[in-house]
Amino acid sequence: MSNLYIIIFLPVVAGIILFAFPEKIKLLKGIIATIISAIAFLFSIKLFSVSPQLVNLDLFSSIFTEGTLPWEILQGANKFSSFNIDNLSKFITLTICFFGLVIVIYSVAYFYKNHTLKNYFPYFLITLGLSAGAVLTDNLLFFITFWGILGFTLYKLIKGYDEESSSTAKKTLIMIGSSDGIMILGIGIIWKVYGTFTISELNIPTTYPILTIAFLSLLIGSFTKAGAFPFHTWIPDYTRHAPVPSSAFLPASLDKLLGIYFLARICAHMFILNQWLTFLLIIIGVMTLIFAVMMALIQQNYKKLLGYNAVSQVGYMVLGLGLGTPLGIAGGLFHMINHAIYKSGLFLTAGSVEKRTGKVNLDDLGGLSKAMPVTFISALICGLAMSGVPPLNAFASKWIIYQGIIDFGKEPGVANQLWIIWLGLAVIGSALTVATFIKFISGIFLGRKKDHLNKVKEVNFLMWLPGIILAIVCIGIGVLASAIVVPEFIMPLTGKFEYIGIWNPSIVFVLILASILLGILIYLIGNIKNFRTEDSFIGGEKSQEETSFPVVEFYKTIRNFRLFSFIYDMAEKKWFDIYEISKKITLYFSHWLSKAHTGILTSYVFWIFAGLIIMMIILIT
Amino acid sequence: MTLFILCFVLFLVGLYGVLTRKNIIKIFIGLSFMEFSTFLFLVLIGYIEGGIAPIISKNITNPVYVDPLPQAMVLTAIVISLAANAMLLAIAVKIYKKYGTFDIRKISNLKG
Amino acid sequence: MKGMSSIVKKITQLLSGMIFLYGIYIITHGHLTPGGGFAGGAIIAASLIILVLAFGGDELTVVKRKEGSSVTESLAILAFLLFASFALIIGTNIFFHNYLPEGIIGNLVSAGVIPLYNILVGIEVAAALFTIILAFIIYKEEISK
Amino acid sequence: MEIILSIVLIFMIIGALFALHARDLLSALISCGIVGYGLVICFLLLKAPDLAIVQIVVETITLIIMIAVVLDSTRHELEKTAIEKKWKSLINSKALINVLITVIIGIVLLYSFRLAITHLNPFGEHILRMSEAYLYGGADKTGSANLVTGVLFDFRGYDTFGEATILFTAAIGVLTILRIKGRK
Amino acid sequence: MSWLITLFVILPMTAAFLIPVIGKLIKGFQKTITSVVFLFLTVLSLFFLFDGNTEVYSYKIGGWEPVNGVPIAIYFVIDGFTILMLSIINLIGFFSAFYAISYIRRFTAENNFYTLLCLMVGGMNGVVMTGDLFNLFVFLEIAVIASYALVAFGVEKNELEASFKYQVLGGIASLLILFGIGLIYWKTKTLNIADVSDILKYSNDRSFLLFTQIILIAGFGLKGAMIPFHAWLPDAHSSAPSPISAMLSGVLIKAIGIYCIIRLFFNMFIINHEISLVFIILGSLSMVLGVFLAVGQWDIKRLLAYHSISQMGYVIIGVGIGMMILANNGNKSVAALAITGGLFHLINHAVFKSLLFLNAGAIEYKTGTRNLKELGGLFAYMPVTYSTSLGASMAISGIPPFNGFFSKLLIILAAIKGRFYLVAFLAVVVSIITLASFMKFQKFSFFNKSSITEKPKIKEVPFPMCFSMIVLAILCLGLSLLIFPGVRETVLTPVVDILMNTTDYSSTIKDI
């Protein structure tokens, strides 16, 4: 399968070679990276037409003569190098390569004169190749290796020189690395019980506690990567501090694809879930959905806002996959693709805005719609897609998820009985998403233009092109959803399922419309008092600060609501951040232990002999 | 057996010194007692009742010698402990110069 | 470092020579009678040490002696190692091989290389102990300045 | 034999305890030296003349070094503090706890040691295995009348080389440590 | 092989004895000869490692043949484990010596430094090669006495204090070891490890065996810094000059601590359930407490030193699990996996911990401080140090594709397969905290602007230091290949075989 070589190893090898080039010829490196991404994309299309099969690759060992050490090494590696080309993996590979291509085009332009991030392109290519490898591999050990290296490249793609962003980089790698470590436990348990690392051979019932633990540890891995509650906390920080192409590439698209891919893999293929696990998944999905979007509502920094939004959308996917029905899984996977498209689009537009204005706070921006029309249009389309407006893509996927929840309620089971709650919360989440979208769009592009933004121009061709491509894809998928996309692309992943056509009036359609209206309503209520976009004059003074920023006021209204304000206070003190909690506990222990090391020799000697006599007492007497 | 027990008691006395004394020199003395007891222990092991020192002389027929191997070991160990003691004393001298005391409670810059 | 009174000096002069000779005897008869390189070397070191303690000596000469003794030490142990690995070179491929004829038990010249080892170790030990003591003395001189 | 040795050992233990509790460092050193010389007697009784010679010389040299270290640096200071704390130390609960723990450690160690050695050869009834070759026929192989020297320099000459190297190391180490300035 | 093996002791010692004599006459002699000797020995050991000859080989010093089947000579025993340890010792020794060419210029008495370094390496070579208990003790003492002096090399307050504590605790350890050897001699009347093993095989004197084993665990555990015998390590390793810290943490605690424990408890004593349980408990304790102690540190070298304890815990756990499974007659392949993981981690730890200490040395060399709170923003000024330390940090925290990941993976998988779920869980938790503390190290030393970065004079360290760091960083990546069967069979499998077939050791050696 030469396709696999090209898709997985060409980017990796090219990336490693690119390290050798000096930073000065960054443009050349970018162009090479683009070409290689394009090649990978073409081959991934070719791969898509291949029928599902298991492939055992011979990893380059033909290059070396037989019997030499490198040959032996590769022969050893070959034992693990089985790859599984099934519908799911080849579809995900295709999307990964697609996003890689789109984002690398943007990156070339973004980094052309920006010297902040060293070795972006090598790490980009390695990430691309390894992601494809992680998706395609059929061996858990290969998988965990690829998965772990992705965490490292993620770390390297944050520039992280100053105080804040270096803490973000630290936090990101710690969380991702921890989840990898926990996944090893799960893999170990699977190996212990089933004696194999081959994914395609596994079909594990979660009846025994130990197997449930295995499932949960793998679940933590996928959750951390995708960013589901409570392992999501690195994503908002990452998006805030990392360069925009990195955010668009990793947390917004690639990590979602991988995380949700793996979630789908473990939920649908590797394990047979019992109803409590289903319940757990649904709960987590809903919590992610609501909490993250609530946090997004109060954000000032638009990159962080998008980050929280990205987390909240994961809630839909987890919810869909957690349902476990074909409809739910299809909805979850479909939403994953859609989300990757529009969220990358939004990040890219955000990057363009940041590049031109240099501002990252919504307060400092406004009225850019005329200055940056193309960016505005692509942001608008992507944002509308995010809000689930028909006929855009996310409408279709959310709709399938809603339908999935309704169908799910027909089955017996604990979680099934509560379907109406899930549905309601999903709708509320959707409504809040609309509110955040409006905040984003109006904060940046609408409203009154600031004086310091007068010189802002549209970004160049290469930078707006990816955004507009993604926006067009949003529309395309949305329009063609029921005709082509769902039957051709999604159904092969899950098997055939019945669903009610998109343009048929149904209860779901009403729900989606209702959620949009609700969202606008929430937004309006928040700003009803000072919903003005013109300057107001109070006593002859221009009172710009007070009145012209509906965004700020909106945020404050929500923020000051009593119940919410308590929760928000807690959140701002990082009470919900699993990272901060663990850090505190660890440092407490550390402090306590280091106090015992008083520096006095006698106590050290005491420890030695205490250890000695404890061993003696236990063993001898 | 009594001898071995007594020998071990000497070891414990040295240990007692290391554990309870606060003066570097006293700790050093405690360590030397532990060394003494270990040497003695090794030689006690190799003793054979009625044996003579392992030096060949032509006057004695059918001699029974004590085991020379523990003696060789102890000889080596004595020199090793001499070397270690010299190092320890050198450090003690320097520490006295820098810290102005032999009290180990005050020599605790490094902790945590 | 000042010397001690003249009585001490005189007695030390007499005594140290005897001790030195005794040390040499112990070393050379190491393979015949109790004692050997270590004991003899330590005795020789002691004879030198009492000389230094009794006569004192200004820092310069002490430093000179220290240099000398430390070089002696290195050379002696190097020679020991060379003797030990000599067999490797002459073809038997055995480290620490006793390649000289053993002779008759009880004679002064017997036991192959053992007397040579004894002598070298004696020199090494004497020089090492002397170096250590001189290092202490020099250190005291230096900090008292 | 056993009785004489036991008496010497008991004296050594008493000397050791005195050395550890002496207020004056110099007298502590002297008693330490006495214990060392007691060891020499033990060696002589145990038919180990080589060891006795080495131990007596080494003990002397160590004493010289130790007295040189102690003589003009600390003795005075320690005396002063010792007198000050003479009464305080008796009721010092921390020190008491230390001693108590040490005694417990000692008892446990002693008990396990007693248990461990029950089935071993008792004193004086040693059986030869490795050193049989050294003793009987060793002299013919090495040509050395003093069997300890034979073992030391021929059968286990490599050990002796290591030992000489340790002395060399210690000499270099002492020279290294007793520098006035470490960094340029 | 034959007599060439003696060079591992002869050459470093010769160099050590020559330096005080010739070093005074010829300038630069000490650096040259040390590096050349170590390089030669590295090449030689690597040659032995890869020549495909996995036979156990023994060399009788003095040429004394056994009498009535009882070995009377001191044996050099050369098997896979020995060769592996020799390679590590001399490799790290070479890089430390090479690194020291620039680093040690700031100190006085360079000659003594190199002499002691040679002696330390020679001592460790002697320890791993010997097949004789008492000889092991002698060479162990050479190595530790040299290291006492090297720890105090700076002769400042902290160095002296650290060295003093190290000496007292090390002295206790030496006494315990000597005492244990005495007990063994009492029981078996022999010192040859193979012979001892032969006799102990027929002994069922339980309390004697346990007493001796505990004494030896305490003794070698002190040298190898297992908790609760660890207290000297953070002081000593952080106070020594950096190349020496690299040697101490990277090699010394393994060669004279872990190696001896593994050798004696696998090949000399009969493995039993209790002792392997002790190992697993001590290993877990070291692993967990070490990392908790490390994560709160602000002194770079102290942080690294505590991590050494924690990482050694992994090694001990790996080996201990293997031992436990062997003692219970469990699944042999799992035992082999656990031991492989432990040994693999031992190699990896030697490489990445040395590298980290060299990095810390480079930082201290240029900025004059080791306090993380005072450092910051060095990534732009010291790119080599930054990138190599990043590699090493990732390796120690177990991030693929660096070597530490694979060895930890093996240990965790083996722990799960052997039903040590708690140990596996702890290993993962410790790995996470390790990652956290190394991210702290990275953040506070290389990013995070601070006053130090405003000084313009900071630039990259000189070539010898860079060279050592770069090559070690490449090794950090390259050693990952040991996970693949091709290389593993040449490097690790012989060692594992020797440890797995615990009783074959004695019979093989006595037959030769």
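As written, the chain order gives the labels A, B, C, D and E, with residue 1 at the start of each chain.
The criterion applied here is as follows: a residue touches a chain if its C-beta (ideal position, glycine included) is under 8 Å from a C-beta of that chain, and two chains touch if they have at least 3 such contacts.
Bear in mind the structure is a predicted one, so any value in this text is a computation, not a measurement.
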| item | value |
| --- | --- |
| Both-way neighbours, i.e. chains that touch subunit E and touch subunit B | A, C, D |
| From subunit B, the most remote chain by mean C-alpha position | A |
| Innermost chain by mean C-alpha position | E |
| Furthest chain, CA centroid comparison against subunit D | A |
| By count of C-beta pairs in contact, the leading pair of chains | B-D |
| Whole-Å separation of chain centres (CA-atom averages), subunit B against subunit C | 23 |
| Cα-centroid distance, subunit A relative to subunit C, in whole angstrom | 76 |
| Mean-CA-position distance for subunit E and subunit C (Å) | 36 |
| Distance between the centres, which are taken as Cα means, of subunit E and subunit A, whole angstrom | 42 |
| Shared interface positions of subunit C, touching two or more other chains | 32-34, 38, 70, 73-74, 77, 81, 95-96, 98, 105-106, 125, 132, 135-136, 139, 143 |
| Touching two or more other chains - residue numbers and ranges from subunit A | 594, 597, 601-602, 605-606, 609-610, 612, 616, 620 |
| Per-residue multi-chain contacts in subunit D, two or more chains | 49-50, 54, 58, 61, 65, 69, 98, 101, 105, 109, 112-113, 115-117, 126, 128, 130-131, 134, 139, 141, 145-146, 148, 150, 152, 154, 156-160, 162-163, 165-175, 177-178 |
| All touching chain pairs, where touch follows the definition stated at the start | A-B, A-D, A-E, B-C, B-D, B-E, C-D, C-E, D-E |
| Complex contacts: residues of subunit E adjacent to subunit B | 134, 138, 141, 145, 148-149, 152, 155-158, 160-165, 167-168, 171-172, 174-175, 178-179, 181-182, 185-186, 191, 234-235, 238-239, 296-297, 302 |
| Complex contact set, residues of subunit B against subunit C | 53, 55-56, 58, 75, 78-79, 86, 89-90, 93, 97 |
| Residues on subunit B engaged by subunit D in the complex (per definition of touch) | 1-10, 12-17, 19-21, 23, 25-26, 28-30, 32-33, 36, 39-40, 43-49, 51-57, 65-69, 71-72, 74-76, 78-80, 82-87, 89-94, 96, 101-102 |
| Of subunit A, residues touching subunit D in the complex | 602, 606, 609-610, 612-613, 616-617, 620-621 |
| Parts of subunit E lying in touch with subunit D, wherever the complex brings them together | 13, 16-17, 20, 61-62, 64, 67-68, 70-74, 105-109, 112-113, 115-116, 119, 122-123, 126, 134-135, 138-139, 141-142, 145-146, 148-150, 152-156, 159-160, 163, 183, 186-192, 195, 205, 207-208, 210-212 |
